[in-house]
């Protein structure tokens, strides 16, 4: 991508990332709907309808499926940039049209050496860095302008490289991870932060509306999280990630509801994403044995 | 630049942009100092010292000067990215080292058809979009994570394509333009917003400390701006841009102090950037005649 | 009204404005209930019960109906001031009792040349001016202390005289127009901002509780508004006003739900306020033809 | 004033209030400068220059001086309204021009029975009501949209009718009284809140720049006020009012610096406003004897 | 307690206070659950399980019941401190273990001379002091770090010794009293502030979930409170306290719903806490006769 | 101290802690002045004048000096509580008078095993916990209500037991440590946060006004701290503590200015507090050897 593109100059780059189960794209239409919302609010004059992007995505995927080993799952990426900034168009003899990039690569690379998260759970830490509130830069627009994610990660991984960041918003409510959504279970009920200062994840939506029959969007506090029965994160590549502790306060992990939702998901997509992940790690000789500490 | 680079994934890309006067770089060391501050705070493990970057920058510039027409001035760009994200390094067989990109192109392209701003002044408008406060994403780190600049521009240019955005911070104080700093003149004194929720521009520093003998950093409000005697913006390519009005409230333009500072600058660098700009536009046949409305 | 009245000195003036349908006052008791809430919270020692005001209002209206052309509808106004400030009572030889003013005039004047809003819809813009939060000056007290409404209007109408202002509150949630409430329709459901940083309009209540069977009060964001299916404003003189665009982002207009609610209203009050408005404009020779752009 | 005037509809009414010393207007030009700043920011298309208002004010005053008893001092008032709202102009057959009202009345009425404040000092209380910050409704625009002043007064006078309200801004800094500015003296230095969330009083300016040789504008907190050596308020009719206590915490009253500034003022204007006030109260038979409690 | 204990050094002292009805502890398990949540979040390495504390509490209570007059009810207190601060452990030759203190004393002392609150109701006032938001110091952790409660009490009792403080949070929503929760009744429905910036009282929970069949947690504003039909406070020693007025604005008192809930409570615990309180006061010769003003 | 004291019930306990140099109390009058400011603002009806406390303090110290080994320095503590809460006074047969506790113990215990901080410097980390702003609970009142200090310490020491917490205020400015003030050195100038959301330390005052000739109080940001040349903390027992890094970003340590100020202090009090500390640690066999990493 050109360094004179608005995408690099202003992080002005709406995008979506997806994954397959059994080589079938998951929730492509939902991702495209969100993408076109981002495009609308950023007023990017895209030349293509979502039908065209849908087809292009599926063709690219098919080509990869046909030309690579059968056991792969795929991760795809759709980037939409506004194009070369007007002041550089003369310089580059470019008319400044939006650029759409669709990429496809094995999911295996992204999940490498992390199959242990499903059984052991991850440890979260709340960094000093806060989430940006929607009033300043709306996280519901899935764009690349998210330097603060990287800063949050640097803060917690500076302490311990296996910590994941859990961001609070400036009001002190739990917002999200740096690329994942957060859920707690309390008295057998499921809760997740209101879809305000976080990305409204497609996976989050799937858990809320399809997997669970009773999930409440609510302002959640650190106190709620610490005193919960279970907690987990959701994101596209991992689906559901059990949480073992938050700032050192332990939670039941893997909890009953978490396990139930993972199983239901696996049954629904007929693809055991946990075993898949373990299999890839075993191949690499990297399977981590988890003590029941 | 690769779409798998941290620069594109997180807008995690500190950078600097410079210009020449009479083909000599202006304030290169100051730009590098700020760049290395950004690199430090973002913890990018850059392989090069600032000496090396200094030399590389000057060599690239010299090459351009020697190979292109004599009357050009040059705009240069230094981008420092963290490199390919770890999860994609295997995929791309890349070791994930930081990338430094230095680019050089004629300044003329950036200033095209805008020489009228020096005599007519620009019209500012305050968009609904607010500046990000340093507590959330520090604007003093000059990085690309600035989608909100683009949104602010879209808001005011949606009304009138010649408006420039003047951002307030969430406290209601004037912060900056989208890539420029703001000054007012009141009773022959010069004021500029505290270096808090704005980029601390090299040009701003130059005006404050070298050109002026009495400039005060202060929380400035919309009221202060509207009731000022004069106002101007500063940025690297234009140096000083007189302001004609703010949200439709007229100001003296070009004011006495503004003109004085422009003249002092021109004398100091021995390069009349205003005439230069007019000359470039006349060549293009685009000189805009300004009515004395 | 005296310039020494608390009403003018402090904008200390609770009020209500109503309209008739077929010359019958709409929701008079609801307006009086809200007025007496305002009076209670402002501690104005009013001499009259709401029964007396009810009767006075109806008598004044009857007199106008009997003495003016039959086709008029009427707009009425009830102002309650605290009276002359104590320090001016001696000066004016006034005992400083509260003043109640009830006025009545043809609705036609207020709606003049605007019948096109029902078919074309209005265009909204978000000004830089924010709504005052209830913690500082409660908008639920319907008083005249609302200079910020005028400033918001000046901001958007400075760009384009036909724009209506849509105010955000300091948290970035949508609050209200400058004298109207806001609704969106998404997936056939109706949403309106929580009754917190906005006037709790009588019309808003009527739409929420009587016209609709499923309206949710919710914190609404700019993102929600832009990605909605339809939107409309409500206020006493216009009833329902379809929204065509927000900051240039187009919405379906007039949408199905909007039209359904307008029709239901017309049926309920047995008075077609849309045709009425067109008839008045035709008489004035001002009917605006709307293109289907 | 018409109830259809923008002044009453939106509290859209910039104004100034002045007083005379020895029947000469004090700081008329400064008041007019501030008035024209308010008019500019509110975009009221006033037909008159400030010269004309200056002359009109002085003529009105002269007439009063010549026709009323010699011992009077005068209070004057300049109100500027935008005029009848457009939607009511047809109704009232009014072209909607701005209205300027200048009024003149004996200062004596305003100060009635309060000469004791100069020797006894007033007691301040901090109400729950906060000052509006400039980011929401700029107090530097002297307009009538100030219902919150009345609410603050109701809160403290509900406890004790002789309390005066001292407002904090939403950040917790001391802002102003409801129509007066606040100063403290600490270690023989004078401090007053930054001119941000308060009216920048003409009297405040006079004390800061003319009477004192060393006054600092600073964010002042409740702690600073309670631990100060002395405190006083300033406003046009009273000039300087010593403060006896804040929320029940006593201060030295009347302190040395306060007395010094009052004396210097009296010498400067050659008019003993304290004795004048006592004289008026004695005539009314209302002089309050102050115990030295 | 040692002055070198973390409890005194940092107010680092989670605690619970309970009462009996007919000499049986009320909601002991609920209090212990909350206590252990506080202990968890404060990371106090307590040596005892909640079973042990449960038994210790009951034994202490039994001893008191057996050794004191039969008509007493009891108030108990559980304090858990982290122990002597490490830097003082050598000094004191103390190993720094947590300290648990359980105390028991007659409830009668706490309620002394206040039986009139049940029939007359209390008067609330909103002080300038705001509640601490959970983002800064979570009120759901029941600890002693609450100097601001004392300041709020000092503020309102400085005006009138019988006023109780009702705190707003920094957003302007009603939070709680200084040791009690707040409820309103409007149109026969019960509302209480969201459990966010207030202690989540055990009594509050009991009223919400057991006594009432329809209570809504909601952001409540001053406006909501003033325009409510009834209001009451809840806390462990008094159970339910009717509210007579808020900042001087009267409410129906004792209202129907308030009385209904008190009666239901009395029936449930089979202990008339109102009569009990009157009986104790009569014994003391302190019964206050309430006028029906 | 009784658990029924207001000190324990509300953390309502103003206090001061001091140290000696060569067995002479340092800045006793300054500490007492601050203590009496705290007492005034908290309205504690203390029976003793500051003269009496001064004498009592010095007598207690003399007694310790005369009865303990000569090489000790002393740490003293003055606690002032409001006394037993009224509702418990009957219970305890206590009249509820304020309690003043003065304690004295060897400074050596507090500084144990930490002499390495003077040569190695400490590592700071910014926790998620924010400082309380003065608008909510004024840190300038030195009271025990500071649970949030303990929480901040738990957060950073949970990562690494040698980290010290550096708190930001809710605006994102640097406030203070948990019991210490913060300074930076930049271009040979000294800066410290404005005395707003931090305790105004006696040591801070001493460094600002006596040791340094040019120290500026200023809003300092994380960016300012990271890009500073040196940094140090100040507090009574340690005097000056050099800072080695902040969130992993290294600073020059021990810097020139830091060393200069330490030397000046040592000369002024004629007591080498650094050597003293090393001597105590050597005795304990605990001297830590510092690598020059």
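For clarity, chains are labelled A, B, C, D, E and F in written order, and residue numbers in each chain start from 1.
The rule we apply is simple: a residue touches a chain if its C-beta (ideal position, glycine included) is under 8 Å from a C-beta of that chain, and two chains touch if they have at least 3 such contacts.
Note that the structure is a prediction, hence the values are computed from the model and not measured.
Under the contact definition stated at the top, the chains bordering both subunit C and subunit F are A, B, D, E. Counting only chains that touch, the fewest steps needed to get from subunit B to subunit F is 1. In this assembly, C is the chain whose CA centroid lies farthest from the centroid of subunit F. Annotation: 44 Å between the Cα-based centres of subunit C and subunit E. Centre-to-centre spacing of subunit C and subunit D amounts to 34 Å, using the average Cα coordinate of each chain.
Looking at subunit F, one finds that residues 43, 133, 135-136, 141, 158, 168, 248 touch two or more other chains.
Interchain contacts (touch definition given at top) occur between A-B, A-C, A-E, A-F, B-C, B-D, B-F, C-D, C-E, D-E, D-F, E-F.
Of all residues in subunit D, only 168, 171-173, 219, 221-223, 226-227, 248-249 touch subunit F in the complex they form.
Residues 37, 40-41, 43, 133-136, 138, 140-141, 194, 196 of subunit E are the ones that touch subunit A when the two sit in their complex.
Interface residues of subunit F facing subunit A in the complex, by the touch rule stated above, are 126-128, 155, 158-160, 168, 247-248. By the touch criterion stated above, subunit B contacts subunit A in their complex at residues 1-3, 6-13, 42-43, 77, 79, 82, 87-88, 90-91, 101, 103, 105-106, 109-110, 112, 130, 132-133, 135-137, 141, 143-151, 154, 158, 170.
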